[in-house]
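Scrolling down, you'll hit the structures one after another.
Common to both upcoming complexes is chain A, partnered first by chain B, then by chain C.
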Partner chain A sequence: MKISTRNRLFVIGAPLVAGLFFLIWFILPIGWTMGISFFEYSPIASDNHAVGFQNYIEALFEDDTFWKATVNSLYFAFGNVVLGTVLALVIANAIASLQVFQNLAKFVYFMPTLFTIVAAAVVWDEIFHPRYGILNNGLFFLTQALGLPAFPEIGWTTTTFWSMPTIILFGLWKYLGIRIIILLAAIEAIPKMYYEAATVDGVTQRQQFRYITIPLIKPALWFVIITGLINSLQVFEPMYVITEGVGGPLRSTMSLVMLINKSGFEYQRFGYAASVSMLLFAMIMVLTIVLFWIRSREKD
Partner chain B sequence: MDVRLKRSSILRPGWIILLSGGVIMLFPTMWMVVSAFKTPQELLDYPPKLLPDAWSLQYLKYIWFERNFSRMMLNSTIVSTVATLLTIFSSAYIGYVFRKFRFRFQKQLFFVIVATMMIPLPVLLLPHFKIVLTLDWINTYWALIAPYALNAFGIFLMYQFLADFPDELIESARLEGVSERQIFMYIVLPLIKAPCVALGIITFLHQWESLLWPIVAANSPSMQTLPAGLATFSGSAVETADLYNPYAAALIAATPLLVAFVFFQRMIVKGIAMSGMK
Partner chain C sequence: MKIHLNRGAGMLASVLTAFMLLSSPAFSDEGMQATGVKYVKKDQVNNGEPIKLEYWEWSGQRAEYQRKWAEAYMAQYPNVEIDVVLQPWPSYWPALITNVPAGKGPALYHMHASKMSEFCDGNLMAPIPSSVADPQHLNEHWIGFSEGAMACPKSGSIHTVPMGAMMPLLFINKNMWDTAGLSDSDIPSTWTELRAVATKLTQRDSRGRITVAGLSFDGQEWIQNAVYQQGRYLFDATGTKAQVQNPEYKAALQFISDVVHEDKILDQEVAEERHEGFAAKKSAMYIGFSWLAGYLSANAADMNWIASALPTPDGSNEPAYGNIRFAVEAVVNPFASEAEQAVAWDFWHFNYANDLTVLEDMALFNGFLPPVDTLVDAPQVGENAVVSVLAPVGQYGVINDLPNVIREEQLELVTAVILDPSDLDGKLAASEKKQNVLLSKRDDWNIIERNYGHNDKMIQD
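On to the complex of A and B.
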């Protein structure tokens, strides 16, 4: 049968569009980023010149900002993923065993996922304001009313100790819903007869959770952990809003993506920002490979 | 006995965890809604007021009309909608052709496309800016939309979903003399609505929330999207202290998705669960 030109165009159009799009917006850009990471480069300057590995040397050995940002990003990622996964597991399990109000519970826990992240961060910033925020004021008022020692004015967003926990708390709140939904779907897919048989044999609820639920939802758990780590290593919005774009106080909430944005667009140092980008890329690749390796070892 | 059973089930630890957790999950939203109607003075009152004395629309109006949020809402709507429609359509088309046709270098190209999923988007921030700057697209809708008109995840999702699509349907249409384009438009597309809706929901959500790219690609007041404008607004507290109510600004930015969630809860949850955590 003869294929008409129009039909051939339809078929060849897809790889053409896809090829061009990914070439322009992904393949060439990643190559370009790698290239300029060896330059002192700014798109608006004229004295761009090659500097060899100087940008990487600066990031890794000369300036502690990169390491500070790396530690902060890892702090956020692990805090957010470890606590978030445990919490989501507990709550998904509780929702699964609800006989009534299950949809209401899903609605309440999922709502923050639909709460535009910048708006949510603005609200959290206000709630956690050390002096005017409802959190400190509410707790102070409550302790006074109950005759307890006055609640101290904790600098949630203004001290180096509390700033990151506050942002982790924000991340927990914002991303709990999606984790619950994924784990809940896995829990609900477990055949009810497993639990019925276990109950007949006198297995306690806690043991059922440990020996039936957990092993059977392992793929979903891994998914939540791996995607959670990859995504939270790229955290940017909460810091940008809550610490007003500077990653403060004293760089205590400066994340790697913030460092890329800041060194690139504030200091016009694209070369250095590109080297940080490549290091972030490498970090995420290594982490992904390690996680998949652990996972595959666990399978056998 | 029945009554006793019921009472004990309410006091189970699961219920207590869910209830107290639920209050924490809801509180920021509720607090934003009531505070958006307070005066800046009321926001600073001690002891803190739970509800405003008079539900004032003044700050919402001020932010909507005079702080440009109406324009930002329009920008966000245009950018998110166009990017979403383009992503759905192109992903379905490319996913379909890769699944149902054979052509040269198909495997290699597909491998490259899927591999781009490994690239974290912030790593592309600098080169994307360079491209947009070269094309003189800064502060245009093109800049905000073009890099997000298509993505590997969408193509992969469609490709996966089309694995079970019956070939007989396509074959019989072909024998009738229907063109390939028409088969795709009128036979395939209507039958893959579910993944299209799922992909549409997460793409729209992502676009609506996006901050990093919009603050780089479009910083003029008339081209800012809601997240970019809101972040700028909340950082400018000092200059407008007498009219500063960040809750009102946050409420405007957050309302469209929250309202959509109230009406389409099932669809949205299903769509997001289907496409995983993206």
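On to the complex of A and C.
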């Protein structure tokens, strides 16, 4: 078969354009970041000099903020991925079974995703402010009305114990909608005859969920878990807006990306920020490979 | 967010401003040589060719008078257009760092003292030419220059002038003060008296929660002032190591612990809101730098407040009263085109050579002591409720602006004590270690606290 010049050009050009795009926007920035991670580097400094692995040594062995930020990022990722996936699955399944108002339910759960994060943070502050927030005061008056011991004033955003769970809750509220939509699409793609046959055979709703729904939506489930993990480890906005850029109290909500931002743009230590970026990159890569490995074993 | 000066809408204001400026004493020979080089009106700038400059600022309050300056200048030179562009603080510095070296930044931008080291190192500020300011005159008559606060750490070059000197004060909500039955004679002069009146001013709701804190402050600023007041410097003589594990630092921290955990006149909710909490009437007294006067005028115009001198451990201003900080003025972008730089420097000269501009806009409006010695005795200083309090204690101020990294670490230390008062010694040790690691990352911190005029009264080590 003869291939026309036009088609040949397309066959060569399409991957070339994609490759060029990938080179400019992914490979070169990663290479540049890796390169400056071996320097004490700032774009405005006159004395940028090589420091070998010193930035990595500082992050791993000297800077306790790095480890705090790592633990915080993993804490957020764990809460966000585990709770987020379970909740999204349960809600998507419930919405799929709705006979009426299904679109309304989808809209309600997806709505927070549409809010700008700053506006969402303002609303969140109204809810979780320890002194004036709706949550603490509402629970106080509720316990009073029920004759129970008064609900204490909990520092949802001002104590090291509660600040991260509050941020996780914010992340769930903000980003749950997209997961629900993905899982809902997967659930709705399952042929109805499987459920009809199972019902005829006397299989309960719970068993149908466990033995039909979950196995058949596994690819989507894995997608939600893997992208959720990657996005969670790269979390920046929720902490930044809720703690006004501080990551407090006592750095209890400072994520690795916040540390990168602070080191680079506030302290002008772009070399150090680059080394933390590379460590984060490595961490995400290892965890993603582990997840893919688990998935491939499961397939086998 | 960008706010551009609307030339069309400001036409009338420009004409009136120009008229007032030209007819005022400020435009006389005596009023136009604050920098040591008299500003003389030129026939034209940039050969009369149209030119547009951007002037970046992050403070809306200052932008008000900067627009007035721009209008006055544009009235003199109609071929010049100056845009005062407001950039919010968080994006201001990244935007400058990326734009200025690329030659795309503003011709002029407002500088901040805490960023001087990095911007000096990156050569992002053009040095002041002798045609607009006489270095010897600045050294002899302006504050900050002879103390080394205005020079780049390595090169010694100078790039801007101070807006004035700010010092800490005790701001008091007068209505709350009167309601608590307190009089002028109760104004505290010692730490003990401060805690006593703060206790009387604290208000609680039926659940015992603080609705109005008796006292609030920026924890970092409190530490710095309180340590200086006890005669201790924050850094060792080399300026490369932090001094944290000492009785004076511990006493400063203990005060915070006492007001939060023992007196219960301040809690974390109000402490976090700092000056905004005072403006929102969530605290009855606030210890803050004198710039707060301008903030309150703009954001709490209905508040009846007074300012008094900062209480010290024993009521004396010796060995030191507290910290002096400089806010600094605009710098010229060395990467702007030659034509832009020339006009920018002329505009710079036009503003900072003007006694009235320096005195009223830069200094008094912002609650600062005037930066030029010839202006300190101006009648307006005595009439200013805030600056008149500072004038007598000015000589007991320790000049030093801390690196950002140290400020943040001190704030962490204060937060740790507010959350948990135990083991102060352990917290001090951990903080000192952390501060020293942070300090070791640069060798050009401009630590100049030991240039204090009463250094002989401080603890030497």
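The working rule: the second predicted complex is superposed on the first by the 274 of 300 C-alpha atoms of A that agree within 3 Å, B and C clash if a C-alpha of one lies under 4 Å from a C-alpha of the other, contacts with A are read in each partner's own complex, and residues count from 1 in each chain.
Assume a contact is a pair of C-beta atoms (placed from the backbone, for glycine too) under 8 Å apart; a residue touches a chain by one contact, two chains touch by 3 or more.
Computed from a predicted model, the values in this text were never measured in an experiment.
Trainee: Just chain B (first), just chain C (second), both, or neither: which does A:I12 touch?
Mentor: Once the two structures are laid over each other on A, A:I12 reaches chain B alone.
Trainee: Once the shared chain is lined up, is A:E62 touching chain B (first), chain C (second), both, or neither of them?
Mentor: second
Trainee: With the two structures laid over each other on chain A, which partner does A:T160 touch: chain B (first), chain C (second), both, or neither?
Mentor: second
Trainee: Tell me which partner A:F265 touches in the superposition: chain B (first), chain C (second), both or neither.
Mentor: Both partners.
Trainee: Just to be sure I read the superposition right, which of the two partners does A:P43 touch: chain B = first, chain C = second, or both, or neither?
Mentor: Both partners, chain B and chain C.
Trainee: Between chain B and chain C, which makes contact with more of the residues in chain A?
Mentor: Partner touching more chain A residues in the overlay: B.
Trainee: From the superposed pair, tell me which chain A residues show up as contacts to chain B and also as contacts to chain C.
Mentor: 43, 245, 265
Trainee: Could you pull out which chain A residues touch chain C in their complex?
Mentor: Residues of chain A touching chain C: 42-47, 62-64, 130-131, 140, 150, 153, 155, 158-160, 245, 248-251, 265-269.
Trainee: Which positions of chain A touch chain B when the two form their complex?
Mentor: 4, 6-7, 10-15, 17-19, 21-22, 24-30, 32-33, 36, 43, 87, 90-91, 93-95, 97-99, 103, 105-120, 122-127, 132, 134, 137-138, 141, 173, 176-179, 181-182, 185, 223-224, 227-228, 230-231, 233-234, 236-237, 240-241, 244-245, 256-257, 260-261, 264-265, 270, 273-274, 277-278, 280-281, 284-285, 288
Trainee: Touching chain A in the complex: which residues of chain B?
Mentor: Listed in rising order, the residues of chain B that touch chain A are 9, 14-15, 17-18, 21-22, 24-26, 28-29, 31-32, 35, 43-44, 46-48, 90, 93-94, 96-98, 101, 103, 105-106, 109, 112-113, 116, 118-131, 133, 146-147, 149-150, 152, 155, 179-181, 184, 205, 208-209, 211-212, 215-216, 226-227, 230-231, 234-235, 246-247, 249-251, 253-254, 257-258, 260-261, 265, 268-269, 272-273, 276-278.
Trainee: Within their complex, state which residues of chain C touch chain A.
Mentor: Listed in rising order, the residues are 90, 93-94, 97-98, 100-101, 118-119, 121-124, 207, 209, 268-269, 272, 404-405, 412, 415-416, 419, 434, 437, 441.
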